[in-house]
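Two complexes come next, and they have one chain in common, chain A, joined by chain B in the first and chain C in the second.
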Partner chain A sequence: MFAFCTDPASLPQWQWFACYLTTATHFAFYRSFLMVMLLLAITAPVALAMGLVGALAVRSRIWPVSWLGKGYVNIVRGVPDIVFFMFVPIALGQGIEWVFHHIQCPDWDQPIRQGNDFIVCREAKVPPVGAPAWVRNVYAFAMAVVAFSLVFGAFAANTLHGAMQAVPRAQIETAEAYGMTRGQAFRRIIMPQMWVYALPGLSNIWQILIKATPLLFLLGLQDAVYWARELGGQKTSLYTYPHPDWRVWYFLVLLCFYLLLTWGSERVFGRINARLSRGQATAAGERMRRAAG
Partner chain B sequence: MRKTPITLAAAIALMASGAMAQDVVRIGTEGAYPPWNFINDNNEIVGFEIDLGNEICERAGLTCEWVINDWDTIIPNLVAGNYDVIMAGMSITEARSELISFTANYLPPDPSAYMALAGTDESVIDSGVIAVQSNTVQAGLVADGTATGLEFPTPDETISAVRNGEADAVLADKNFLAAYVEDSGGELVFIGDDFYPGSGTGAGIRQSDNELRETFTAIIMEMREDGSINELIEQWFGEGITKF
Partner chain C sequence: MRTCVESFEAYILRALGRDHGATLLPRGLDITFCDQAFLIASGLIWNVYLAGLAIAIGFGLAVAVAVGKFSDNPLISRPAAAFIFVFRGSPLFIQFFFFYSAFVLLPRQGIEIPLGFVTLTANTSALTTAQVGGLLVLVLNTTAYSAELFYGALRTIPRGDLEAADAYGMSGLTKFRRVIFPSMLRLAWPSYTNEAIFLTHSTTLVFLSAFPARQQSGEAFYYARYFVDQTFNPFVAYPLVAAYFVLLTLFIVGLFGLMNRHLNRHLPRERRRRIRFRPQYIR
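Let's look at the complex of A and B:
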């Protein structure tokens, strides 16, 4: 990075650190924070959408749909996250390859499962054989988004379903009295009002999602925790910048990062809550009315 | 690499796509086990196995890509087809041979050794707490012995366990521990005698991938005979280590 970094062993301390903290591995460490935030930015809306679909399915009056929704919500919520994270990429990855294999290589005569091995023809490999590294990273990242969205969508579905039930019955009755259909009442009355009831639950899920991001490493992505462990560990003189075990400092950085992220989002949720409570028949809405009046 | 029943039409299609021009082989490694394989400060994967793997691929006319994978899931991910070869300082053992197949060994049996803080009594080998990396030959040895085993997912954590007193000693490949002993300036020392538990280090390949295994074995044998493996061993592990 800097011109004086050619012989780190002979540098004064501050220059040594300037060089050390700007190595390529450290830049990978810094980038991994961005990756975590990108994952959150993509996963949160996708999981919310999954949650909405799930909640609607649970509410549905068509019983197969409702069963499907209940099955999804209860099964996913009942399985430990970590099991799901190991299961989704393997099952989904092999499932995709299995389908491609049958489409692209219909005359393949060997079994796909040979003892322990899972073998598909090379045209069916996903990502394709010889794909550049970035394609593989995007693929792994997409897997992560799917896995996270499946898990957190189930929690969001449960929260949203509860919130839909929490909208006062009197309001729906009024809507019915005006001659609105079930769908109209849902769109005009329940949807706009349910968020204030859903928000505490959603903010919980968001915080848990933030804290679950270190599971990324299970999916083969090098996240901030991976790099903290890798960089913090003792480095012998085989490395350019030998140092003793510094993991405690690296983990301290992680701790600050995650605290900042959760503290920041807590504030944002506070604002959204204030916005949504306005004019609502809730304790918070009532307080706002009194304060204004 | 894989045996495909190539019909004429398929062969033409393949030539047209050009994908077969040079076969791509993906090699999985841990990237945390110097000097076998590790990530240097330039964020490049380097080490004895990286040089060796690249040389094997060059001689075989293959294009090789390196993939970093956790040690604990390195065999399942090979079997699932995420990569085609494991070169990660993996000793050839019977238990592993049930899951995957191995090429001829590219390192002679490595000495294993106990490392502890200076002044530690040798009796801890039989009755103390011994740190090991999980799913290694050494972990198996400690589990079968009389000492209490303490397993960690990465090799680095086993060293920390000894430094902070969580474990009395660490049992690992001597060539891995050597750099720590040397750098510690007398704080860490080897205790007890070295021994040779494994039958050498080889590349792990799926059991169904006979062709690739034969290619690798043939080139490893060639490199053992022409002395080029010994040169690499000396370059990465220094003088005075067992060679072919």
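Let's look at the complex of A and C:
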């Protein structure tokens, strides 16, 4: 990185650290924080969308749909999420390969499960055999996103369903009195108002989602935990930058990163809550009205 | 192939170590369904041990921290609030890694704590095991989460109760023991039940993070993962461990429900607080 970094062994303290903290592996470590943010940025809207679909399904008047929605919410919430994070990527990966196998190799005569092996034909492998490393990484990341969205979608569905129920009944009756259909009343009355009721629950889910991101490590991705272990471990004099066991400092950095993230989002949610409470028939909205008048 | 009885004898206590049952875990094609069922069940020993002790120790600490945060003295309430913030604001998974890497740095022969008349030797090598070090992290974590619940309950104790206590001339410890503590417990109990459930579920993280499973003795989910690695079939071991945890959860709900009935026994039926099962597992 810097010009003076050619011989780290002879550098004074601060220059040594300047060089040490700007090695290529350290940049991979910094990028892994961006990966956490990216996971959050993708998962949150997807989970919210799944939650909305799930909540609508639970509300549905067609019983197979509502049954499906209730099943989804209760099964995902009733089973430890770790099990889901580990189960979904493997099961989904095998499922995709199984489907591709049946499409592309219809005349394959051997069973797919042979003892402890899961064997599909070469064309059905996902990602394809010989794919570059970044394709494999993106695939693993996408699997993680699916697992996270499934679990957090169920949490969100439960919260949103509760929020839809919490919109005052009288408002919906008024809408009906104006001759609105069920769909119209939902779009014009429930949808704009439910968010203020959903927000405490959603902010809780968001905090839990943040705290679940280190579990990416268990899915074999090179995330912040992976790099903290790699970089922090003791380096002998064979390495360019020898140092004793520094893992505790790397994990301290991670701890602070997450504390900052949860603290920051708590404040943001406080702001949004104040914004949404404006003009609402809730205690907070009432207080704002008094303060303004 | 083993029969079911053989694998029961070999694996039902295997989680305690190599001396309790078969030396090696079943491998590859040798794995039967009964092996999976019994070995995963034996792992539950550690889940129950970790969760039970962490809840028991954490409960007392949590009451102290909650009262501390509620205190008017900023010298007490600030540190208590900071403790709660740190342990609730960061992922348990990272806490495990952080504390483990701190524990390995401690000198192996133990730390000598001079107390004037005697010198205590703190056994630091035990801290790098999941059974002691992992338990310590779980205790700190559940203390923070429960303290926040108890703090919320302290704030919502009906004013009338406190005034009645004052009218009876109670003060200090008597008032706390007879009025504040029982009311706090009653108000916080439904959410505390959920906390106990989350904690039990997060014991699955202990061996997944930094703490090593010595002699391959781990908890239930450690074995489930072992089987999935061996058989490459997630459709047996993971549903099994999920089913065990559902049973464990139902047991906790039942146990805490009894306590809830006891705490609410003086109230008219419709004012009793119900325990609602609201699982959110990750922390």
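To be clear about the criterion, the second predicted complex is superposed on the first by the 293 of 293 C-alpha atoms of A that agree within 3 Å, B and C clash if a C-alpha of one lies under 4 Å from a C-alpha of the other, contacts with A are read in each partner's own complex, and residues count from 1 in each chain.
One rule holds for everything that comes next: contacts are C-beta pairs under 8 Å (C-beta built on N, C-alpha and C of every residue); 3 or more make two chains touch, one makes a residue touch a chain.
Predicted model, so just to flag it, every value in this text is computed and none were measured.
Partners chain B and chain C clash in the overlay (superposition on chain A).
Look at A:V167: by the touch rule set out above, it reaches neither chain B nor chain C.
Once the two complexes are laid over each other on the shared chain, residue contacts for A:M194 go to neither chain B nor chain C.
In the superposition on chain A, contact is made by A:I90 with both chain B and chain C. Contacts of A:L215 after superposition: chain C is touched, whereas chain B is not reached.
Once the two complexes are laid over each other on the shared chain, residue contacts for A:A57 go to neither chain B nor chain C. Contacts of A:V225 after superposition: chain C is touched, whereas chain B is not reached. By the document's definition of touching, both partners, chain B and chain C, reach A:F118. Once the two complexes are laid over each other on the shared chain, residue contacts for A:A144 go to neither chain B nor chain C. By the touch criterion defined above, A:D245 lies against chain B and chain C together after alignment on the C-alpha atoms of chain A. Common to the chain B-facing and chain C-facing surfaces of chain A are residues 90, 94, 115-118, 217, 229, 245, 247.
On the chain C side of its complex with chain A, the touching residues are 28-29, 31, 85-86, 89-95, 97-98, 101-102, 104-105, 201, 204-205, 208, 221, 224-225, 228, 230-235, 238, 241-242, 245-246, 249, 279-283.
Chain A contributes residues 77-83, 86-87, 90-91, 94, 113, 115-118, 155, 204-205, 208, 210-215, 217-218, 225, 228-229, 232, 245, 247-248, 251-252, 254-255, 258-259, 262-263 to its touches with chain C in the complex. Against chain B, the residues of chain A that register as touching in their complex are 23-25, 27-28, 90, 93-94, 97, 107-109, 114-122, 125, 129-130, 133, 217, 220, 222, 229-230, 233-234, 236-242, 245, 247. Residues 2, 4-5, 7, 19, 24, 32, 34-35, 38-44, 63, 65, 68-70, 79-82, 99-100, 154, 156-157, 159-160, 163, 179-180, 182-183, 206-209 of chain B are the ones touching chain A in the complex.
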